[in-house]
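Order of writing sets the labels: A, B, C, D, E and F. Residues in every chain begin at 1.
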Amino acid sequence: MIFITRKERFNAAHKLFKEDWTNEKNLEVFGKCSNPNWHGHNYDLFVTVKGRINPETGFVIDLKFLSTLIKERVIDKIDHKNINLDVDFMKDRMASTEVLAEAIWEQLDSAIKGQGCALHCIKLFETENNYVEYFGSEN
Amino acid sequence: MIFITRKERFNAAHKLFKEDWTNEKNLEVFGKCSNPNWHGHNYDLFVTVKGRINPETGFVIDLKFLSTLIKERVIDKIDHKNINLDVDFMKDRMASTEVLAEAIWEQLDSAIKGQGCALHCIKLFETENNYVEYFGSEN
Amino acid sequence: MIFITRKERFNAAHKLFKEDWTNEKNLEVFGKCSNPNWHGHNYDLFVTVKGRINPETGFVIDLKFLSTLIKERVIDKIDHKNINLDVDFMKDRMASTEVLAEAIWEQLDSAIKGQGCALHCIKLFETENNYVEYFGSEN
Amino acid sequence: MIFITRKERFNAAHKLFKEDWTNEKNLEVFGKCSNPNWHGHNYDLFVTVKGRINPETGFVIDLKFLSTLIKERVIDKIDHKNINLDVDFMKDRMASTEVLAEAIWEQLDSAIKGQGCALHCIKLFETENNYVEYFGSEN
Amino acid sequence: MIFITRKERFNAAHKLFKEDWTNEKNLEVFGKCSNPNWHGHNYDLFVTVKGRINPETGFVIDLKFLSTLIKERVIDKIDHKNINLDVDFMKDRMASTEVLAEAIWEQLDSAIKGQGCALHCIKLFETENNYVEYFGSEN
Amino acid sequence: MIFITRKERFNAAHKLFKEDWTNEKNLEVFGKCSNPNWHGHNYDLFVTVKGRINPETGFVIDLKFLSTLIKERVIDKIDHKNINLDVDFMKDRMASTEVLAEAIWEQLDSAIKGQGCALHCIKLFETENNYVEYFGSEN
């Protein structure tokens, strides 16, 4: 087994906010992340795939395929968007980094299985100081 | 003369959008940066001050003073905010990196002059790939 | 399970030195790290917590709580200090990166358990070229 | 158990190319990486060793020993070289990042075992966007 | 006047080598950079443009235009290529970082002038430890 | 004219402290940087040289020469040392980043002039958030 990782980036607006709470309750729980008029981040996304090396190519997975897949299923839907309002795969979900990492996993998992390897990890940086890692629902 | 720089960070939402243009015209000129529901960035701000070294302290300027000044006049007003809607010093101005660098200069210039040194440069990163430098209206 | 990481920083002096060895023996084993008058580093500390996502908040742990905990139990005691002389939790221990990572784990472990999640990893960079990871005494 | 990592760097030329394929087939499979006249990279290599802390020294492994070992067995053979043509341990192997990580493992594994600890991971960055991790043939 | 910078990247092979010198003379002057079978780098290119802010758009220059220009005139010609053999604008020139920065200036200067602003600086990193800045032949 | 920069690194202990002041006065002026038992940093040093390109070599200055010069005159004297106690060129000077940048300039200036080019800038990072630039006493 060997693990290969592709980094992509996106810039998006979001807020941490529950509609059925007051602004005050949201501020108490989520602090400045609940600003009603949104704020935003440059997100760094690392997608790790595990598998065996194809002896013909020396590859676990074609990185052009992986990069295109991430762009089509994640980046094109979320880059320069509002995570709470514009992104189909985040509809009715909290726009936290944890939940976003899970949702990105769901966008990519089955298409990578089809390549004879497996999605291993979604690592998502919200800022240089905060990041989340998700290894799937079985881990 | 010696130059000293302090880095601070803020996360904010914005869009590049002229209200008197149609969405289509905005999209044509500003591309994905005009998304009506906003997007956002982790901004990196570098503030450079020039002056002579105080022989008593070895300092050009007290960096605690400089950091506090930047926080009070810039970061507290813009961090986790919407640049177009929430920031007094950006009211009625385009929320481009260029204009934002000019506006941050105006927030800091006179207070630094009062310390016996001078503001030299505002360097503002919108992403790792794009940054602006502004040296004041006389340069 | 999902993993979330918070990065903090501290700047400290230290030396690698055994008092019951001669300066020559210390120099032989520890090289330039044994300089009697100390040297120092900008340490980068990454604290990783694992747990389940709270469906109300979308959080594994409140990062403000985690950041405050790290500051109170680690950063306030070690930042701008001498690791060998000034830090209670390093008393009578070698000031190596390995031992320091273990000691930071001990400072944080029980307080994180109290939050319904668990400390997973202490990752500590001494320089950009050297870092240590510690996953607790059971791993 | 504790894990310690040393970072080293090398700059090398390579191409992804099978001699028994046409240029067209190589271009189809490997894209611009198959350029007949080579291209190159600044590789970042992270070598992770796991073991117990020596209570005398506070070390898992002497990092000077580890750094010297990596330089002798890897860096001196590959830095400022052509991976396909000049490197003995890559002879007759595809010059992909995956295969190179495996080959670097083989160069280091037994010598680290002799130190009372074990090689845990070879992490190799080809660019800031692509990296591979290899944990040995038993993992 | 305000300055805006766009970062692009390319990966290329090269060697420092004078054909009319012996291998020994080349090795003496250029060291390991003269390896006959090439080596390579991940180059980071920063292109800085100076001008006035357009009050309609808040821009000095449209960064999509600038990025496309750099891609067409520089990146497409040099990325995943051999600088000595494959790049028309480096024909019969030493493949040093200094000369390459000058050559990239020549590729971009006139097209940027046509946008009502001016090329200010080419900053080119060969490695994280070495970079060159060129401000044009008049500076 | 073209500008070339070499980055080197050193790790050192220091404190900001005037012997003829009380600990209380030192604490008031220098804050936590005055800790009597020292603290330390990983310093990043960028040395920029300006000159014309030698048409034979494509070089402004031989970077091996420059790197060796910096190592002999700066790094070997300050790396893994105490700046206040161990460094001859900092004797009786405040160990601030500003003063240190000036002192490093003095260590390098005349030797670089002897190479037919000129020292242009010393840029010295104390942390990722603070750096100083010095262009010589005539600027």
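The definition used in the following text is that a residue touches a chain if its C-beta (ideal position, glycine included) is under 8 Å from a C-beta of that chain, and two chains touch if they have at least 3 such contacts.
Quick caveat, the model's predicted, so the values are computed rather than measured.
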| item | value |
| --- | --- |
| Where chain E and chain F overlap in contact partners, by chain label | B |
| Shortest walk length in steps over touching chains, chain B through to chain C | 2 |
| Same-site or different-site touching of chain B by its copy chain E, using the half cut | different |
| When chain D is superposed on chain F by its C-alpha atoms, the rotation angle in degrees, nearest 5 | 180 |
| Chain pair with more C-beta contacts, D-E versus A-C | D-E |
| Farthest-lying chain, centroid of Cα atoms versus that of chain D | B |
| Candidate from D-E, C-F or B-E with the same interface as E-F, over half of contact pairs in common | B-E |
| Distance between chain centroids, defined by C-alpha means - chain C, chain D (Å) | 29 |
| Rounded Å distance, chain B centre to chain D centre (Cα mean) | 42 |
| Contacts with two or more other chains, residues of chain A listed in rising order | 128 |
| Which chain pairs touch, all of them | A-B, A-C, A-D, B-E, B-F, C-D, C-F, D-E, E-F |
| Residue ranges of chain D touching chain C (in the complex, touch as defined) | 1-8, 48, 53, 56-60, 63-64 |
| Residues of chain A touching chain C in the complex | 16, 18, 29-31, 93-99, 101-102, 128-135, 139 |
| Residues of chain F defined as touching chain C within the complex | 9, 11-14, 32-33, 35, 37-42, 79-82, 85-86, 127-128 |
